[in-house]
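Naming follows writing order (A, B, C and D), and every chain is counted from residue 1.
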Amino acid sequence: MVQVLFIFIPIIAAIFIPVLFKKVRGIHTGWFVLIVPVVLAAIYASYISRVMHGEAIVSKVNWVPSLDISFISYIDGLSLLFSLLITGIGALVVLYSIFYLDRTREQLHNFYVYLLMFMSAMLGVVQSDHLISLYLFWELTSISSFLLIGYWYDRDRSRFGALKSMMITVFGGLMMLGGFILLSIMGGTYSIRELIAQAPTLATHDWFTLSLVLILLGAFTKSAQFPFYIWLPDAMEAPTPVSAYLHSATMVKAGIYLVARLTPIYASSETWVWLVMGVGLFTLFWGSFFAVKQTDLKGILAFSTVSQLGLIMSLLGAGAVAFHVDQAQDTVFKFAAFAAIFHLINHATFKGSLFMIAGIVDHETGTRDIRKLGGLMSLMPISFTVAAIGSFSMAGIPPFNGFLSKEMFLTSMLAIKDFNLFAMDTWGAIFPIVAWIASVFTFVYSFYFVFKTFTGKYKPELLPKKAHEAPIGMLISPIILASLVLIIFFIPNIIGDVFVKPAVLAIQPFLYDSVSAIPIHVSAWHGFNTELFMTIGIFVVGFLLFLTIPKWQKLYNIVPDWLSLNRLYDRFMTFLDKDLNFISKLYMTGSIRNYLVYMFSFIVVITISTLFVKDAFSFSMEGTAPIHVYEIILILVLIISTMTVLFSKSRLTAIIALGAVGYSVALFFVIFNAPDLALTQLVIETVSVALFLLAFYHLPKLSRHEERIRFRLNNFIISLGVGVMVTLVALSAQSQKLVPSITEYYKETVNTLAGGGNIVNVILVDYRGFDTLFEITVLSIAGMAILGMIQLRLSRKENEHENK
Amino acid sequence: MKMMSNFLLLPIIIPFFFGMLLMFAPKNIRFQRIGAMTGLSIAVVAAIVLLFKVKNEGPQVVTFGDWPVPFGITMVSDMVSALLVLTSVILAFFTVWYSIAAIGKERESFFYYPGILFMVTGVNGAFTTGDIFNLFVFFEVLLMSSYLLIVLGGEKAQLRESIKYILVNVISSALFVITVAYLYSVVGTLNMADISVKIADIQQPGIITVIAVLFLIVFGLKAAIFPLFFWLPSSYAAPPIPVLALFGALLTKVGVYAITRTYTLFFVHDMGFTHELLMILSVLTILAGCIGALAYFDVKKIIIYNIIIAVGVILFGVSQMNDNSLTGAMFYLIHDMLIKAALFFLVGIIIAVTGTSDLRKMGGLMKTHPALGWFYLIAAFGLAGIPPLSGFIGKLLIVRGGFEAGNLWGSLWILLSSLVVLLSVIRIFIYAFWGKEKGPLQPVDKGYYRMMFIPTIILVVLTVFYGVGSEWITPFMQDAGNILNNPSVYTDAVLKE
Amino acid sequence: MEVIMAIAIGFLFMAAVYLMLSKSLLRIIIGTGLLSHGAHLLILTMGGLGGSAPPVLSEGVTNMADAIPQALILTAIVISFGVTAFFLVLAYRAYQELGTDDMNLMRGTDEDDE
Amino acid sequence: MKTNDVILKTTSHVVFFIIFLFSIHVFLAGHFAPGGGFVGGLLTSSAIVLLLLVYDIKTVQKLLPINYTIMTASGLVLALGTASIGMFMGKPFFKHYFDHFYLPLIGDTELHTAMLFDTGVYLVVVGVTLTIIQSIGGDD
């Protein structure tokens, strides 16, 4: 119970933020906010001792129990690791933001409310055992990300980026929801734990693969995998603390989390392995390759994040392979899942610090454009040191933590080529090759980032501000992260035992009985093997490429801009804005005639087809009334007067002919024994004709619009269709009187029970008096409406107003 | 027991009675306002009591004039109808409240409030009646009131669009009448429960299926399904905002209700044809709505096209005919009524403040009207079905039902439409509230602003409650879904007294 | 007789639709008038035309016409009377304000509103 | 439409009363023979329309100082009230009551609450028809 509520602490705290911001103006609001992640981090840290031995702690709060929807916080190794990252990095980011965002100029209350909302959402995502609440928090991360990216909402780029990220991630989220629902129907439960327990049976279900693809769509969009990554670079419009927090350390890892969490369910699927590994690896390559193209510091980091997320994703894919191998704990595949989680931690540390440095550079020089920067090393030595540590780790250089996980990554990719399932033996060799190339580019952009900024020529004339080192407060967080980068390199096995292995157990529960059974030991040196040579190759080639960047950077221009995915998105959005308007106006013409033509055509076609498809047409003369001569004459009168209406050129003729139709209807009523109707019809027709004349006294003559033949022909065909439809259905309906009418009852009771003689009238005032009550209501409303129409003329008033 | 059943009439008769009362002194604006508010508050109370009666005692039935069942007119308040009735009186109440500031004295003194009250009468009558011809009569009551409201004021656009609106409705009324006539010819009765039983007896032959299609057309014209929706966008855009809100929230929903009722009570023996058709049309309806919702920069139009999308979503749920999908459809239906009214109110305030309905001429309202912005955003997310707001549970159940019925692509289509909905409404937020301020704002009197804003936020809060408090609402929705899925519950309540 | 009536009613509907598709507002309203005539006759026909006496109780009459359709028609007539009256006044007012009775000139696309 | 034709006026008075009486007859006959509130109301209105044709609106308003909106509303109230009797007697809405009474001059008469309801209908029809005609006719 309580544990679930922890998730909501940030959101609850957010309620007080605007008040604090308004009332306590002397203190930066961030200091109050900081309490939240610090306290939460401490709480979650207290779980470590229990969870590291494989224990899972569950707590539940019902939301809609009648639909089996509840919040379940399930903290195992994986969830705890993420929770700690969220609160830990969160605390550092808040601390950093206190110095980054000016308390007098910024809308801090908004900023921190969004940030806290995000924190709750993210905790919810990683702790939810219930698919629906997972989805709920998932969307909440999209929304808070939207608000944070759009924080400086008067900038066009911010709004653009905010919308883009929301569209793509919400799209993924919705598809994921579809997958979740399918999954829950298959397993009969929303609980992930229970679903995992029945993983083998789920795999036989028809919807298994579809649900898998849908869920991966959610994971890939959130974790910025190819081709959905395009929102992430634009998300860099958010304030830098946000980029560091959401768009590198936490939110984008939600997809990773999801894939890791659902691996036990889906790993048995070939599609899963191929998709996760393939897309991950391609993203790794794509991101690293295009990172070098960027000129914005945060742009480089964004592409680097894309690339690194791809790396983790592909490792999870490789980890799924372990489900297909006997005795997996003795093979190299055991490394993959471990490496994924390990790298995830490492990435959070070095990328977080790098983002903060990018923010510092921006803050102190006024620009993030790498072409304007250079030579900052002497002016900002601390920043440089932190940046160098982060970049070297990212490049995979010892003695930094990135080296360790990169090595394990290469090991896993090498193993794939020897795996003889899913045609891996044919295509598997691609994996290590792509991994190697991507690592080379990773090396290049890491160096590019740090050395283009801090070494070379200092160009003060290009900088909006005079550069100097950042205040110490702003440096604390990056320094802490950079120290972690270094520390982890030396104590990888402590990290491994405490954080990584419990998480691995959650990803591969079927392989190990307990945390301690996971036979992995991280070491920086493991002899002269292929991985080592690959790494050396990366350093050499990478360094050469880095030195020659200006020579080959032009290559990027070969791919024309319009081919890019961003263009595709832009085209799509323009399509929605402009082309849809055009398309819509093609049929929404405002002409009622067009509308009627569409509607009548549909009505006629669908009704007549149903009539024949369902074999409902029937024609029988049985039980019909005999035909008399005077009836035929009356029919002729009716038809002739109708024709007169149709072809009359003057309105007077038309109106009188309409009256004639009405009177002949009245005569029909007489013939068919409906005296009440006849009487009413006579009177009403008279009044109607009078009304027609009265109203049209003021109107122009029937306009002689020269209507084209085609126009008339169309009208004729459609009206003929309607006429035929009405007749055919009428014939069929009257030939199939399948149930006798209830009418006899009225004859029997009209005098005895209702005290009347004229059945029609008694029906009107008694049996069905309710109809009559509202029929006269209709009349009354019509009267009011007409009165209002005649007397209230706002348009005239409008005109007078305009004329003055 | 039986005599107490008259109670179900109250939510219909109270607005009706107050509507009459208001006719006696149309020029006394104070009287008009107080009368309308009083009448609707009493009706809200009655509807709430009725809802709980239905919950505790099952469907309430009364046949007028003490006649035996198929011979008099029967009114039936089951959970479906009780929920809709309550929602419609609540919305009417808020609309009246909002109107006091938004509609203008001229209209108030020309039967504006009686128009609303009679419309509520018609709407509630249509939701409650158990007689197919009486349904027609109530349709006419609500239509005639809507004619009054749509044209009241006589502005150019109103007159122009009213003609189209009325023409379409005259056609649909004529079709309604002839369809009832066809049905009467085949089954010889008008009582809906009786029709249901008799159709079941004769095992829905082809002619009944044809009639089912005709009913779909008749009600589809009102509900604005594809391809019968063309008349709606421009007609709804013509009258002032409160009227638009009322129309958007109530009128199309009556059509939706009627389709739901007939397709769950009568025509359930050839679902491979009728419900498949309904599903195809609902999917296309969503498409048509989506195109429109994105195609225009006019705030009113954007929300109006969202009405069409919602109709598609609800009817998709109905077409799946299982417990989840029907419960979901009910959930979504009520949600949509509430949220649409709220959105129209919000959009109305935006228009009042900026003096335009063109998004491209708006901007930066976040600086001047932050509260408006936040409430708009909540409503927008609610509409798009972001959990835990009001649209979510309904959509979840509809999609779940769709999957369970095996319609994978249709269900995914519903999910995808949420994205379009979100984009369309978030665009309003981005254009109107974010960005730079454009042009001077209209001077809106503070008191009037508050008069519009307060009912609006209460309504938004209500929708939030509807979403977050789903647990309290679910039992009602499940009852409703159950009765839709089991026509015998309905027919037994009516025929076996 | 029902068969002939069905055809005549179909004809009325056809004429009504044809008129409603034209440009002139007056012709459209006349079309709605024909439409309701058609609908009313159809109700009567669907009730069966076989009765030999009005549905009024009197000595010795047994084969009365079906009273229900007649009652329904009566209600429908009254309603369409109200609608027609309203529609007429609307046309009159529209002509006053818009200066045309040509539906083609009443498209009211976005441009006109601005 | 002003006219000073004395003969027309006199004739119209006579015709007015004839139609009016006829309309009352039709209205009362309703329960047992063709007729009823609706037709009766329409006929009464036509009688008044006749007056309108002969005199101008103002004169007729002086002659019959009736607010037709209120007349309509009263009709509705009467109809609803009649229908509601049953509700107050613990019976379903629209329960009608009738009995036979011996009235002086007329003899044995059936008095029926449906008659009251029909009177409501009658009032509404007259009220609405005249509202419509007056408002169109009175418009310049």
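By definition in this document, a residue touches a chain if its C-beta (ideal position, glycine included) is under 8 Å from a C-beta of that chain, and two chains touch if they have at least 3 such contacts.
These numbers come from a predicted model, not from an experiment.
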- [ ] Could you see whether B-D or C-D has the larger number of C-beta contact pairs?
- [x] B-D
Open item on the list: I'd like to verify one number: the distance from the centre of subunit B to the centre of subunit D, where each centre is the average of its C-alpha atoms, in whole angstrom.
Closed with: 37
- [ ] List the centre-to-centre spacing of subunit C and subunit D in whole Å, with centres computed as mean CA coordinates.
- [x] 25
TODO: Give, as an integer number of Å, the spacing between the C-alpha centres of subunit C and subunit A.
DONE: 49
Open item on the list: Centroid from C-alpha atoms only, then distance subunit A to subunit B, rounded to Å. What do you get?
Closed with: 27
Open item on the list: Please output the residue numbers of subunit A that touch at least 2 other chains, ranges allowed.
Closed with: 585, 590, 592, 596, 675-676, 680, 684, 687, 691, 695, 726, 730, 733-734, 737, 741-743, 746, 757-758, 760, 764, 766, 768-772, 775-782, 784-787, 789-791, 793, 795-796
TODO: For subunit B, write out the residues touching at least two other chains, lowest number first.
DONE: 16, 23, 64-65, 72-73, 133, 137, 140, 144, 147, 151, 154, 156, 159, 163-164, 167, 171, 178, 181-182, 184-185, 190, 234, 296
Task: subunit D: positions in contact with at least two other chains - done: 32-34, 38, 69, 72-73, 76, 80, 93-94, 96, 128, 132, 135-136
TODO: Take each protein chain as a node, join two nodes whenever their chains touch, and name the resulting shape: line, ring, star, complete or other.
DONE: complete
Task: subunit A-facing residues of subunit C, complex - done: 1-24, 26-27, 30, 33-34, 37-38, 40-42, 44-58, 64-68, 70-71, 73-75, 77-79, 81-86, 88-93, 95-97, 101-104, 106-109
TODO: Going by the contact rule at the top, pick out the subunit D residues touching subunit B in the complex.
DONE: 69-70, 72-73, 76-77, 80, 84, 86-87, 90-96
Task: Sites on subunit B touched by subunit A in the complex - done: 16, 23, 64-65, 67-68, 70-73, 106-107, 110-111, 114-115, 118, 121-122, 125, 133-134, 137-138, 140-141, 144-145, 147-148, 151-156, 159, 163-164, 167-168, 171, 175, 178, 181-190, 194, 198, 201-202, 205-207, 209-211, 213-214, 217, 221, 227-228, 230-231, 233-234, 270, 273, 277, 291-292, 294-296, 364, 366, 381, 386-388, 392-393, 396-397, 399-400, 403-404, 408, 411-412, 415-416, 418-419, 422-423, 426-427, 430, 433-436, 470-471, 474-475, 478
Open item on the list: Under the stated contact criterion, what part of subunit C meets subunit B in this complex?
Closed with: 20, 25, 28, 32, 35-36, 38-40, 42-43, 45-48, 68-69, 72, 75-76, 79-80, 82-83, 86-87, 90-91, 93-94, 97-98, 103, 106, 108, 110, 113-114
Task: Contact set on subunit B toward subunit D in their complex - done: 2-3, 5-6, 9, 13, 16-17, 20-21, 23-24, 26, 62-66, 72-73
